[in-house]
Structures are given as structure tokens and as C-alpha cells.
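Note that subunit A is present in both complexes that follow, paired respectively with subunit B and with subunit C.
And now, the complex of A and B:
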């Protein structure tokens, strides 16, 4: 069955469809001409240089990075205790609480963005950066709860109980026993939350203002008016980041986590 | 651990989510239901009677359904192949599906702009092959949005089905074949029905993802092919028509929830039948 010719052909075509476009983008990034062309004309790094000299791209890259790191850290600080509480015995309302933490994933992105805009920027008069940060904390919480939750499910809590029965306080047992045992889950959760915050478009779209925007948003407005290999060069840089993140996830949680 | 301290650990997270997610959403939704005397649905009735809004809603649903069907059609055989490959190949194929999943959606849509655009790869191939005398407009059409959406969500479908395909015993297929079924029949009679649970999970993700996507329809659909998400952004930020944007938010949330709920209902019936 597995070696059926038609099946193999379908698989090859699908993978060409999945990988081809990104490879094409990669190739166009090294164009030496002024316009997008494939196959690329000549070979140069001029578009990479252009990206690094662009104030807009560099500023928004910095903002995206800061927001993604800070939002993920905040979500970890409030998410780890919650995931820990959720992984312990059943108690009333556990399912409801779990669903509350997962709910940001269910709300359509643009609705999230609009709601954040109305509440944080209009109603509470928060600054754009702070609003963006709060919005992204909400967006990444589900990833933290899920990934850390699944690492806690695999943890044998009897080792924690052993520490407590030997005289450690609950808090000490958590930091000395539980946390070190879920480190790989925490790292993977960080990576997944980071990339999902970094790549977010629909919510960030509503939370930009004078001088504050994220990289995907500035890329979007750039491609609406320009058609040159600068975006290809930026794409290559972002894809390199994705490869690095995937590598870290594979080394910690394992990519097979995605199929669960 | 005492129940009390468990609740204590949950409180910071719950406060943040309730205050910064539930409150803002209620704040946009509640006013749409307020009338002069109590609750009114008039804003929704107006929305559903408006031909322009309906055409956008229909387009969004149509794109979602077609994308989901294509993803099922391609996802079933591919995920089966991935699941049954040797560990090394399997890891490689999974990584190749996860990679686009973690790549920025702007990058992924931009890739299709360069392929389908006026001076794009498809056009230059067709013109140089003398199939067309002048470039054809593939970009800024509904089909472009569908191609971009399949590209965006097919990895998700493959990934959500590999786990289910893993659990299908090879013996079943061999048994069917030894009893005289040819490969195609065996595929549709054995693998297809057994993969339904994974297909359902994947379909919910693909449909709701396509239905609510902003980047792809914005970049590949252009101004003519407005969908609900791009309409919401226009209403909220370009036209500052917050009431209409709120009505749209409610419509999007309700349809998303209805789809998730009803597909899961169908799924639970399958489980009961033991498929």
C-alpha cells in the first residue's frame, strides 16, 4: 500500500507545493537586479544590506522581538502555576478553568485585535506598546498551558511527594524537584509562544500606533506598495529563525508533539 | 495539596484572562444587543438582510469550505504516507510540514504573490511557452485566496492526521487486499473511514482558520474580494464604524463556535459507533 505509485506521486506533488514557494522566495532574495525575478538575475547580498539599513524594518524587528520575549515571559510566570494546578487531581470546575485558558485560541484573531483596541487603547487609554504586550500575553497563554501541561502530565509526582515527606516545603519541592524535571517543556513552550507572538498579524494590526508597529505589520504594508526582493531577504532571515526554533523544539519536546 | 492553594495558583492567570479577554469581548458585544427598550436583535437582522454583507459572508464560507475539502483530499493520503514511513523519513516529512506552519503568514502569502502575480512565475512560464500572449491576472481573485489558504492550512491538516494514521494497523489493509480488494478500494474502505476522527479535528482547525484569516485574503484577494476578517478591519480602523465592526465580531465568534460545536457533535457520534 505504502509503495503505491499514485500515492507516492501525490506525496511528492504535495511536498513540492509545500516547500517550493519558500524555496523560490529564498532564491529571489539573492537577486542583484532592482526587481523580483525568478530565476534570480545575478547574485548579491544587496537586499539583505537594504533590510539591515532600513530603519522601519530594524525598529519593528526590535519591537516584535521585545514584545514576543516579554509576553512569553509574563505568560510563563502566570501560566506555569496555573498549568501545575491544572495537572493535579480533579476538582470542581477544572474543565471550565482549562477552557478559559485555552479560549484565546478560539476567538478569531481580528476579533481579538478589535476587542483589545477598544478596551486597552480607547477605554483604558494604555500606550500602544503596553497594549500590544498585554494582547500578546493573552495570545500566547494557551500555548504555555498546553505544552507545560503535557510535560507535567508525564511527570511522576511521587518524587515531589517524596521531597515533601522528607521535609521540603511545597515551594521548595516545586523549585528543586518539579521545575527541573519540566525544563524541556518550559523551553519548548517558550519557543512556541515566542514564534506565535512574533508572527501574529490579526491582533497586532489593531495595536499599532505612531512609531510602534511589529515586523509582520510593517512587512504587510511594504508589500502592498512595493514589489522588490527586500521582503524575500527578510523572509530568508525569518526562515533562518524558524529553523533555529524548530531545532530547539526538536531537542526539547520533540517535533512529534505537534501530532498529538 | 489542599484545594485552597490550588485555586490560589490559578488566580493570577484567571484574572488576566478574564480581565483582558472576556471583559473586552463583552464590551464590544453587549452594546450591539442594546436597544431603546431592552435587548434587540435589530442590528443583526439588518446585517443578515443586507445583500452586500451576505455576499461577503457567503464568499468567506465558500472559501473556507473549498479550502477544507482540498485539505482533506490531499491530507488523507499524505498523512497516511508520512505515518507509515520509516522513522527517519517520517521525521523529515513532519519537519517539512511543521516548518511552513511556524513561518510568518506574511512570508507565506508573499511567496504566492511572486508566483501568481502579473510578472510572476506562472505568467512568465505560460507566456514563454506561448500558451498566453499576455499575462493573465491570477492574483487578486478568489482562487488565489483558496490556493494561499490551502498552502497555509494543509500542513495543519497533515499534522493533525498523522497521529490517527499511526494507529491504523497495516494488517487491516493487507487483509482487505488478500480478500480481493484492490489498492484504491482498500484505501477508501479501510483507511479513509478509520481516519475520520483525525479528519474532523483537522477540518475544524482548517475551516475556522480559513474563515477567520486576515493576511492571506488581504494580500492575495485584493480590494475586490473582501472577506469577513478584512471587512471587520476596514469597518473598525478605516471607517471607524465600531458598531458594525462589533456586529461582525459577534457573527464571526458565533459561526466559529457553531462549526466547532456541530462538527464535534458529529465526531462524538462516530466514536459511539466505534468507527
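And now, the complex of A and C:
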């Protein structure tokens, strides 16, 4: 019984620490004053309006969207065949290949970002946007491979063999039989990769530059010089967006796709 | 020439040990042939070699006169029924069955006609709009069969198609399969580990063990005249003893009793020692004071068990333990001295392993 009480207390504390800051941010967003204060002084939507009027935020939001969508699509094009090969084929060194694909999750984001910076921008002299895109593709590939890989592992391989035995080439069998049966995995992978790319800071920090920046980065530099509730308002918008995406996934596919 | 000709097929998964060791098999057009054997004997591997899913390390597969050894799976025109049925979950019954025809670019009208026709054959016309998950096991099985048959395959391959069904349905489905096979006259290869299932429907049975065909005969022949000890054991022979050839038709047991055997067939002239076998139900169990003297082995009852139709005895004899099934009319008890009469027309001589 006593143990149970301590456990409840710990759980409550964890939730307070997890949700508390978010709640405070949420509350400060509705400040009517010029300072990010808590408890909020007055109530207004003016900072939300300001966010939507800010050119910096809107441009970088556009770039973040472009990078996230493009990076995710490219990662899907690379990741689906990779996940297929990892799930279906047996060859020597398969574990090593698998680990290489998953490694961007393990390597610290800052290290990864610095490596991208040295290699893509300094050494290869790629443009800022292209470097950013390549960096994000690499960052989100592990998520794609993990999620789609688990979908493929749960699929009865013999349906593909059946299709081939009925006269389909391997490629047609993949598009007509395998792909339609892993759609939910592909959508889940897309969402997860999108959110990861959209929220990424450590790697983007190295890869953004004059004229090209992502929303999280421009938020960070904004906070360095301003202390008004605009950032809170923007944070609330982003949180709401993420919650909405998660809600859609949960309703359509179930979040179990992420935990498999 | 046979429709299917497998010659010296070798398959190994790891490059070291062979799953199939120089396997040879010929199948005539229109026959229903079964591959029978315990798990791991290579029967499914053989089927998958024929289907084209497994590359052979050596040997060739000739189909209807042309070399199919390296032909791509989708060009083979063989119908396959998987153990798991492997229906396409996202397609309706109609679309599942139509898949093969669509791959062949058949016209829409023809597809409709063929699919409806075959669904009638398997008695599923009412289910064409259902999805696989809305069907029972037996219905899925029939969809899988219809899907394989609708392409008018040159060969039908069945990989343990009945093993996921319950006993009653299994009995019904094997008759169904046989009926359809006869009606369409399609050459069929059936993989199973169930002896009864395979004997009931097959024209020919290939009993496999450790990657080779041990015996390829009609079910009747295999049942009555197994050629190797493995086949004999697999189909219910339980008594094995060594016999030394004396002269034609007369053999000596290790203990020196002479046994007459009607059958002339002995596999090798060089060979002197053979393995003899007899079914438990073919041994005549006699009291020790019986006046039968020919082909008789002495022994004493060790264990008696009741097996429904009759009693089964384990008898300790001069040639080792023998299993005997004997009618309920006379019951023996543990320790009773008995005589085992081995009728000369029931004792079989087996091929030695080296042949």
C-alpha cells in the first residue's frame, strides 16, 4: 500500500514536470502585455495574429514544410526498398547494413549536424537548401525503415509469391500486392518522419544560413533577442498541429505503429 | 517422355549441406502425384524448386521437353496453393481469382466469364464480393484453389493445402480437390506429411527422406510392398530383423531359424544379409503348444496394450522385440510363452541402404 502511494506521487511528479512547462507556455501565449509573463496579464489573440503577420516566421514555416515534405518523400523512396531488402533478403552483413541505416538515430544530432556541415557545405559546396534537404533525408530514413520494416515483417511473404506464381513480375507484385497491404505503415512512417524533420533543431542549426532557415531555428534566434509572447503563441500553434496529426494517425491507424 | 522430369536436383541453403541430394522424379501428364515424408525431408523444397522459388545448385528440371531450371517464376504458368492460402487481403474474392488473368491481359468479359465459372466449380459464387477475412478456412482454401486453377495452369502445385483445416473439412476438401483435378485433367503435385490423405487421392506417391525419393510407386504398391526400411516404418511396419540368404526363398535369422519367403525379389546378388519386415497385424500369435512349426519364432509376452480393434503385444523373441496385433478371441498375459508364426507370403525383404 505504501509503495503504491509513492508510485502515485512519482507519476504525478513526472506528469507535472512533463506538462507543466507546456501549460505555462500555453497560458503565456494569450498575454495581452508585451512580456512573456506568467500568470498572463490580460487576454488577447494579438500574438497569434502577430505570428501570422511575421514575414520571418511565415517564410521559415514554408521552408520547414518544403524540407519536411520533400525529405520525407525522398526518404520513402529510398527507405521502402531498403526496408524491403532488409526484411525479405538474407545475405552476409545484413546486420551491418541495418545498423548503418538506423545509426542516424544513435549519433547525437549535433555531431550529425556538424558532420553534414563539414561535408555538404564546406567540402562539397552544396547550397543551403540542398544541404538542409539531404541532412533531413538522412535523419528521417531510420524512422521510415523501422516503421515500414515492421509492417513488412507482419505481412505474409507468400502473398507476394502467390502473385508472382500467377504471372506478375516481382515489381508488379510489389506495387499491386505488397504496397497496398502496407499502406498504413507507409502513412505512419510519413507522419513520423515529417514531424521529426519539421521539429529538428540540432542538425538544422548547422545547415541553415542566410536566407534559408527553418521555423525552429528562426524561433531560437527570435528568442535570443525578444522576450514577447509571440514565441509562446507559435509554440501553441505547433503543439496543436502535432496533436492534430497524432490524433488523425490514432483515429485512422492506431499509434501502435510507432511502438512496434 | 514424362511431363515433369527432375534430374539430379541438388539444393542447399547454406552452401554446405544439401537439402535435396540428387533428387530424381518423373511425373506423367494428368497424374495426381504426392510427395510424402516427415518434416525436413525436402518435400516442400522440391515443390518450390518446381515452382521456381528456389535455385538449384545442380541438376535440371525439364518440363514438357523444355528446360525450366532457370526460368523465372512468373513465366512458368503453374498454379500454386499455399499452406497459408496466401490470399490477397486487400482484394475481394473475385479480384483474387481474377489476378492471374489480369496479369495475362485477358479481356474484361473473358475474365468475368472465367472467374464466375471457376467460382461455381468451387461452390463460392455467392461470395465473390467478400474479402478473404470474411471467409471461413474452408472457403479461403477454395478461393486459393480457384485462383490457381483459373489461369488454366500446366501444373497444379499444392503445398500442404489441407493442414490448416479441421479433420472433417479436410476429408471433404481432399475429395473436392480430387474431383476437380479429375474433371480438369490437370497434372497435380501434392505435398503432405499425412499418409492417409496422400494415399487416398494420389495416382503415384513419392516417399521422401533426407532429400531423396526413397520409393516412387502407386499408393497400393507402397502400402503393400515398401522397398526400404524408412518407407516401411513410415507406413506402419514395426518389426525389422536381419535375414541371411540361404538359398532362393529360404533365409536364416540371427538365431538360426529358417524362414521361407514366397517373394522371389531380392535386390542384390552380392548381398547376403537382408532386412526382413512384417506388419504387426500379419503375425499370427500362437500358444507355445501349437503344432505349427514352419516360419515360427519363439518368444514371451512382455506388454499387452489394448488398441481398440484388437490387442497389441510386445513380444520378446530370439530375434529381438516384435510388435504383434492379435484378435481379442484369445488373450495372452505377461510372461506367457508364445509362438510367432510369420506367414511366408507376408514377410518382405527390404532393399539395403547402399543400393
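Quick note on the criterion: the second predicted complex is superposed on the first by the 246 of 260 C-alpha atoms of A that agree within 3 Å, B and C clash if a C-alpha of one lies under 4 Å from a C-alpha of the other, contacts with A are read in each partner's own complex, and residues count from 1 in each chain.
Here is the rule we use: a contact is a pair of C-beta atoms (placed from the backbone, for glycine too) under 8 Å apart; a residue touches a chain by one contact, two chains touch by 3 or more.
Every value quoted in this text rests on a predicted model; they were computed, and no experiment measured them.
Taken together through their common subunit A, the two structures put subunit B and subunit C side by side without a clash. When both complexes are overlaid on chain A, the residue A:166 reaches subunit C alone and has no touch with subunit B. Which of subunit B and subunit C touches more residues of subunit A: that partner is B.
By the touch criterion defined above, A:158 reaches subunit C but does not reach subunit B.
Legend: residue contacts after superposition of the two complexes on their common chain; A:206 is shown touching subunit B, with no touch to subunit C. Smallest inter-chain Cα distance, subunit B versus subunit C, after superposition on the shared chain: 7 Å. The contact surfaces that subunit B and subunit C form on subunit A in the two complexes overlap at residues 170. Subunit A contributes residues 156, 158-159, 161-170, 172, 176-177, 180-181 to its touches with subunit C in the complex.
Those residues of subunit B whose C-beta lies close enough to touch subunit A in the complex are 1, 3, 5-7, 9-10, 12-14, 16-18, 20-21, 23-25, 27-28, 74, 77-78, 80-82, 84-85, 91, 93-108, 110-115, 117, 119, 121, 151, 154-155, 159-160, 162-163, 166, 170, 173-174, 177, 183, 186-187, 208, 211-215, 218-219, 229, 232-233, 236-237, 242, 245-246, 249, 252-253, 256-257, 260.
Residues of subunit A that touch subunit B in their complex: 1-2, 4, 7-8, 10-11, 14-15, 17-19, 21-22, 24-25, 28, 35-38, 77-79, 81-82, 84-86, 88, 91, 97, 100-101, 103-104, 106-112, 114-120, 123, 134-135, 137-138, 141, 170, 195, 198-199, 201-202, 205-206, 216, 219-220, 223-224, 227, 231-232, 234-235, 238-239, 242-243, 245-246, 250, 255-256, 258-260. Interface residues of subunit C, counted against subunit A in their complex, comprise 51-53, 73-80, 82, 84, 86-90, 99-100, 103-104, 147-148, 151.
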